[in-house]
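Order of writing sets the chain letters: A, B, C and D. Residues in each chain are counted from 1.
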Amino acid sequence: MTNRNTKGHHPGKEAAGRAAAELVKDGSIVGLGTGSTTAYAIKALGEKVKKGLDIRAVVTSYQSEMLAIQAGIPLTSLAENPVLDIAIDGADEVDSNLNVVKGGGGAHFREKVVSLSANKFIVVVDDSKISDTISMAIPLEVLPCARELVQQQVAQMGGKASIRPASRKDGPVISDNGNFIMDAAFGEIPNPQEFADKLSNVVGIVEHGIFTNTDKVYIGYKDGKIELRE
Amino acid sequence: MTNRNTKGHHPGKEAAGRAAAELVKDGSIVGLGTGSTTAYAIKALGEKVKKGLDIRAVVTSYQSEMLAIQAGIPLTSLAENPVLDIAIDGADEVDSNLNVVKGGGGAHFREKVVSLSANKFIVVVDDSKISDTISMAIPLEVLPCARELVQQQVAQMGGKASIRPASRKDGPVISDNGNFIMDAAFGEIPNPQEFADKLSNVVGIVEHGIFTNTDKVYIGYKDGKIELRE
Amino acid sequence: MTNRNTKGHHPGKEAAGRAAAELVKDGSIVGLGTGSTTAYAIKALGEKVKKGLDIRAVVTSYQSEMLAIQAGIPLTSLAENPVLDIAIDGADEVDSNLNVVKGGGGAHFREKVVSLSANKFIVVVDDSKISDTISMAIPLEVLPCARELVQQQVAQMGGKASIRPASRKDGPVISDNGNFIMDAAFGEIPNPQEFADKLSNVVGIVEHGIFTNTDKVYIGYKDGKIELRE
Amino acid sequence: MTNRNTKGHHPGKEAAGRAAAELVKDGSIVGLGTGSTTAYAIKALGEKVKKGLDIRAVVTSYQSEMLAIQAGIPLTSLAENPVLDIAIDGADEVDSNLNVVKGGGGAHFREKVVSLSANKFIVVVDDSKISDTISMAIPLEVLPCARELVQQQVAQMGGKASIRPASRKDGPVISDNGNFIMDAAFGEIPNPQEFADKLSNVVGIVEHGIFTNTDKVYIGYKDGKIELRE
């Protein structure tokens, strides 16, 4: 299965993914995020499992489930293991205070649940995702019948929410939970925590893509170097 | 189809439902809630439609869809008509400031979306639902994989969230949107607006049952009398 | 969480459940069905796991997931383990050729997927479920928008399909997959395999409750005795 | 919202869509399919509605809902109007006996329900969709947990089923009903009715893309000419 942005090898993404995998201790329960950089972390963890690392993983999407199974990582669930030792995930934008935006892959609801269930939340990205201030459109998972109400409320907040069209089915992208994915452009968001609280109060949004609970970010550069921010 | 609490005729519920139906003007788009008192409003509106009232309705659940069709009320949707003139719905508890708790019927997510899409939100209840302060367990619609995380966060807020068991299927009640219904007991909630904001920030809750946007409440008494609060 | 028909101890159900649990070999991947008799099998398997039995289980519903976790049985999934060694499940009716009807608990879709993924499918019931010929209404999982079309097609087959009303939410019972549960009364069904094929061709039915792949049935009597049919 | 294959004007698609729209009589309830050729029919119907045609439409997907609303066609539902006068839809392949394959847009489940609810089912396509014998991979809507079981059963039928990857979310395409879309390659299918029956018996398939109930096909050529087959 080919996927969103898994085109070609990126040494920095791989280095960031591998660095995060190094943080996983024997005996851990690990949350596995979605996306191309996380895929490198999953592959690296799979190699360690083959060498004897004893872990079990909770996935955040059908994509990460498939990758984890392929990599040979035994799976569990939040129902079975409600508290995770660590969660590793990618991001679509990271600001200077480690606030991140997720949801380009449409999986941010389960990703947020998993990240908050973990004692440590590690983000892995390439350097193209770094910015001073969040400014990308915020992915929203939305109850289908509430799309107009969400657009109205987002407009009242000064933004513009659009339904994300699919390209391999007709109509909108549907999330793994059966809801719409919308993208809400607000321009720069200098105060992500406050803004996230406001978005949480918008009725009809099942979950938005702002995460304010990151512990560490590994940034991979094209030359394969990585930088750690925490 | 028999249903939750539709046992026997209740003159007060009927009077409250009929009073609300009287507010609906010709040419309106009307939101139709769920539950036994609202069912009287739907029936009353159906009688008016037969006599020539020109309305179209947006339903909040499969139950209200079935009742509206039976009553002969033409239906539309929020996609087609994003702004409603009026919405009529029941409630499970009403406090002295017209804050209400809904979700006993598991339909509070769409009910909230519909109520907020309406210019006026009218609540109809019998007098057993009235209290000074909200104190019933708050119904929550919850992403299935987030049930443990929601229980933890509710516990941190001083409450106790339980999965609502079904009785005509095995396992939990599943909402019309495919999610779990949980009930979170917090005791008295003297400040529902503030509390609602906090609940909205609990990750994993798709929507909670506190509504703070009621315009009028019709209360029906067993003797068939009604009282209006606004 | 209390549930559909788990009222009081039934020595025959327990004996049947325990007998099925005895069939599970060390190292197996086991499918775990839904319902009150299967619950005894899950409990028995949990006791064996505590004594060292090495198994992993695939659940068929949120109910069996919760029971298995409570019993301490490690879980896996069909994605991770597509072939099961054995599946154990209850039934609502068993005919003289070991054809069974399931879906009283609304979980027959995943139950059928799990039973067909298993090398052996063991059914456990109490003697009240035994009959010469299938005659109970057949549970159907139905796409919500197809309910009328299903009713028409069922009527053409000589049956009558009704939506199953919920009692702890308003409106119909919703399955764990977000669909309607309907019950289709046909009277006696002397040729279940042929009839099952016809039902599979009814457009709008996601899955019906007739299973024709049972290997063994353990029948428990009120005095605690069991009978094996195969 | 841009979408799958709505790139550039196609005179033949438009002519086919318009021809189908001409069949719709005043007072009809019309089923509206999904896809680029149907979109022309929807637009043409919208123009007729503006000129006074009195119809109501049932949509088959979020896409056709959005297009119909944009075109100003009043909507209804199968719940409200279980029997349609006519349904118009596109197709991905049409054989010489008017058997068609649908599901390239992932909406074939609701499309099939709508087509079977209609007294006449009209297919509109461009000439690239015509073939002697069906040979494209058959789109399947599949319960997520049953994907492996479906792959096994499809393999036993001599085919190969693959999960359809999404490109604007991570992981598989999710249908409007929350299920997976898979594509099952079987090579030529000379006997579509018999084959459709077999596919309907595959447990885990919610619905497959073979339709054998077409009444008329309008084929549009690049020069704007159309051909009618019935």
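Keep in mind that, in the parts below, a contact is a pair of C-beta atoms (placed from the backbone, for glycine too) under 8 Å apart; a residue touches a chain by one contact, two chains touch by 3 or more.
Predicted model, so just to flag it, every value in this text is computed and none were measured.
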- Note on the structure: Under the touch definition above, the chains in contact with both chain A and chain B are C, D
- Query: Is the C-beta contact count larger for B-D or for C-D?
  - Reply: C-D
- Query: At the interface of chain A with chain D, does the proportion of residue numbers present on both copies reach over half, so same, or stay under half, so different?
  - Reply: same
- Message: What's the distance between the Cα centroids of chain B and chain D, rounded to whole Å?
- Response: 37
- Message: Averaging over Cα atoms per chain, report the distance between chain C and chain D in Å.
- Response: 34
- Message: Two-or-more-chain contact residues of chain B, please, as numbers and ranges.
- Response: 66, 77, 79, 177-178
- Task: Could you please specify the touching residues of chain D with respect to chain A in the complex?
- Result: 1-4, 34-35, 61-64, 66, 105-107, 144, 162-178, 180-181
- Can you check the complex and tell me which residues of chain A touch chain B? 77-79, 82, 109-110, 112-113, 116-117, 143, 145-149, 152, 177-178, 197, 200-201, 203-204, 206-207
- Contact footprint of chain B on chain D as seen in their complex: 65-66, 69, 74-77, 79-80, 178
